[in-house]
């Protein structure tokens, strides 16, 4: 058996642990293992595959990023190409990709990535390439999977940043707004905000009202608690307002800065207090994976090989009820896992007095 | 409503987060909250209860230990007392405890602790004190609960220590044996060992053979990997040998040093390689809780108050299938949760080539 | 003897250690110790001083921020006040401050702060208040002092952030620009950039040319090193261009975004590579002080009390040649300590191939 | 020019940064660089030198240990060999070493190591091998050098461990004894003990009396501070007693356990309080170097090459008064740098109420 592994989408801590685990598990079964570089990028180069050996994956569990490289753009069904007039277009080069797999006698693919990667994986299986998917995203928004690799580290990085910001907020009696990642889901904001004792946590699943937030801040003020910590997901949305993601207003032409900066200005005006904002940005993607992420990644990587060994293709490895399971890739497509508003984590937040913006 | 909170058994990271969450949730319901100090110790003093206010629990989520103090010994049913001849005995002072609760109009107790504390909690409910238990232990061995507060931090501390030891092992081409906690269960050893890429992981659930371990080390040597990392739970047991816990051989009079030191000596003799051992000990109990432990603790604390508000007494709060549930305290007594040998974590370890001692 | 302690300017990790050390040293001498809150703010309130006791300073060495609060604005010589038309002005209330000291029988002041605070301290001594200054700033730019409290932690925070960014830069083959603090000095940028193996380090002391930077990036590209890390001080200046500080162009009306964002855009255009930028901002001020900062802060705090005990007033405590010394506050005013271009740290950077922008 | 680099003695965080810096600096000068593996071990093998390239040293600054390997034993003047009867002896193989250098046209050696390594370096120069030494030791006891590479990280690791232990000590009202490294010097104990707010710090430079320590603990008890943290250097000595180093009593045949265990037992007996001890051991050697250690290591590595370029041989690179200098290797031999009892750090400890054992 000869298999290939690739990593796609934004990088996340734990990718290397999954690569190591899959590689070692496959080698112990007597298989040969190869890596595709830069998402699917190297498929179209002179060296589509690099050998993954025991030595190559030594000591990589604690390294952030991915030794294979990744790419946000460039999937076999929509590869960018430069037109004659210099502009860029997209073309379907998936047949070519399938040929490369075949001509190199690659029997199966382990595709580690986010929702986009799972969609591509599903389409590749429809073209006859046996694939098993491993769900990765710091945003934790992949449907069907209780926890994705990279999420715990991102939450930890965000929490530690808010911890640091809190001491300075308290010393200066300021409002501090920290904008975290998460795209359309509030997982990172909710978990890091709670862990770091934030006063206000704003997530895309609950539209926020500036009045509610300002009221919370002024209530604290009256109790002699003269600073406030506001954690906001990049995709949070004001009641009747627009979604922001990655510093841009979705559906609006003009650039306003991100939601963090917006809140900094508005809350300062409304409360008369000094305020500052901080966008954590790419910090949340990088660094040594947390212990929990290392373990999940190792379990996911080994489980993917087990699935291949069982000839159980076209599946995604998931963690459900603290156990490894497999679900059809077809089930995952075009779905997203949001924070459930009736879950006990939201309940806990309300019960201990966190303002959720409404 | 007036409630009391106490913490019992060895301390664990996350206790303060649970205290804070329970306190804030109760205060928001208009209840009064009090703390019992040093396990049940302060019940028999002049000041059995101290008030827990919003201000008192401010900023404690990230502090290790417990602001209430704890005690390994001293439960109302077996309080130590000094006899006339100077020696120590145990006496049942539970009636007195119940009186103290009553005379101070305490309506219910949130008991945060390990298996011992849950046993005491169960007995107190039988005496008419409404109790809800919150499971705490770095050992993760409480029956009925997928994860206990304190476990993730202990694993993280152990993993980071093994990471550090690995760089020095590699530089000196040594065998390094790291002994971790866990009593009769191998959770800490298994999770930290895997996360830190250990070569050998020894847990109480699998009796180890020195020959298997030495063979693994010599196989690595042949591949040019001239160092080995052995992670051993304090309660690991040799085939046909004795259990060690906390540096003592169980069931044997003589003191041999712990299992870590035993392995250091034996493996050095058998392989001819230099070896060193390290007992992580109390490091694993202390420090700022990990993000995951903070969140679990906050959820547990709020859930305990919710259970009290529902008049659902004599329960323990648990995490099952990633959800908060309640199970009867009576179910928990005298049971222990060991590492399941058919789980995918053990499978992963074997598949990526970790020696589990057999 | 009755003394007061205050902290002024932006907060820095280590302030609490200095407060603790000064307090304990003074108490052991039988003195009484008081804190002024929020810079000099509380002097004009009903409660100008709060008692600092052994218990109050217990356990604060490892807390970020300052238990006394601080203020960026508001010194006795230039206190903000609201005019009748609603606008704000500044007035000299230093006589009032001196009266408050006198009426409360405060014999001396330990003023912990940056260059602004040292200037105020000097002016207070001229009004007859005995003062000893302790130099604090994460920027490390106080004249006469080899190292200021807060600097090592800020560098550590910046370095760890760059470490995290590097793994994601490498995985995505990007240029990553990290903007760090430092005002007009390049200390944080130089030390963190070197420690984190940055490719380009831009400091205010050396004007940068975009061509040099782009050339460095393209040279790496040719060697197959397809990512680059650019660390830039907020006050870095382009040859013939403007200084940027804190996201604003100094001396220019229009808002351009900070130097980090500027470099991100320009370098992407010039090299054709994807690039991202990150402003670390207030992260660098906060959090638990590093071991080195804790030690320096403790030494500074005790040395300030020693200086008071020696009746050696109007001095600033400094570290010179690894020893504690005292220099006249008058020497410090209106000077700034920049990175020496002939020092061995700059030399090291050049010798190992770091591009310094010229 | 062709140069070799080796690392000797116990490993220390920062070695790889020094190797990288020296390698890059030398390559930029057009030199060829080689590594000797395992101290001087590989000199006597078939492959005495391995090439050090830009690529080989990429990304190693933040890795603990040494990519070259090291050895506690085995210097060219005293190489271990096995006698005919199976026992081991030492022989002088330095002529052979010199031949290996010559036959491979190695022009000079950068020897990174502790006092033992500096002694060897000095003897090699006397045999005609041009050497520049770089001082490395976590113990910080090398004469002539204010700070050695590895020290700051060791202190940081020890401080963080004591921080963790403190929360559990406080929760359980215990005496906790933490034994740290340092051989005959108290640098690690003093710096980590102060940084972590220890109550008692015992260093080899000051003989301790058990009575003084017990008295300090009981004084705290009276003030309601019911726990105590004792940090002890492995080489601390009781008044009229024996030195302990590395768990052995120096000059006494019998094995007693280390000084930490000794204090645990004695102090518990004397005070009637529960106590625990912990030996940090090899944790202190390992892991990612602190920012400060990375910077010092980079500066030392580059300075060593600068010294070679200046043809200034037989020198050791040192940090004096925050500047890089060179001193003759001959000056260093057989000297040790102890904690100065009249320095301000000791004074600070006394002034803030730390018990130094006397």
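To keep things simple, chains are lettered A, B, C and D as they appear, and every chain counts its residues starting from 1.
Convention: contacts are C-beta pairs under 8 Å (C-beta built on N, C-alpha and C of every residue); 3 or more make two chains touch, one makes a residue touch a chain.
Note that the structure is a prediction, hence the values are computed from the model and not measured.
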Far-end chain from chain C, centres as C-alpha averages: B
Chain centre separation (chain A, chain D; CA means) in Å: 42
Centre-of-Cα separation between chain C and chain A, whole angstrom: 34
Chain centre separation in whole Å, for chain D relative to chain C (CA means): 31
Shared-contact residues (touching 2 or more other chains) in chain B: 163
Chain contact topology (line, ring, star, complete or other): ring
Every chain pair meeting the contact rule: A-B, A-C, B-D, C-D
Of all residues in chain A, those that touch chain B in their complex: 20-21, 24-25, 28, 54, 58-59, 61-62, 146, 152, 155-156, 159, 163, 191-192, 194-197, 223, 225, 290-292, 294-295, 298-299, 302-303, 305-306, 320-324, 343-345, 347-348, 351-353
Contacting residues of chain A [partner chain C, same complex]: 7, 10-11, 13, 15, 38, 63-66, 69-72, 157, 160-161, 163-168, 170-173, 176, 276, 278-279, 281-283, 285-287
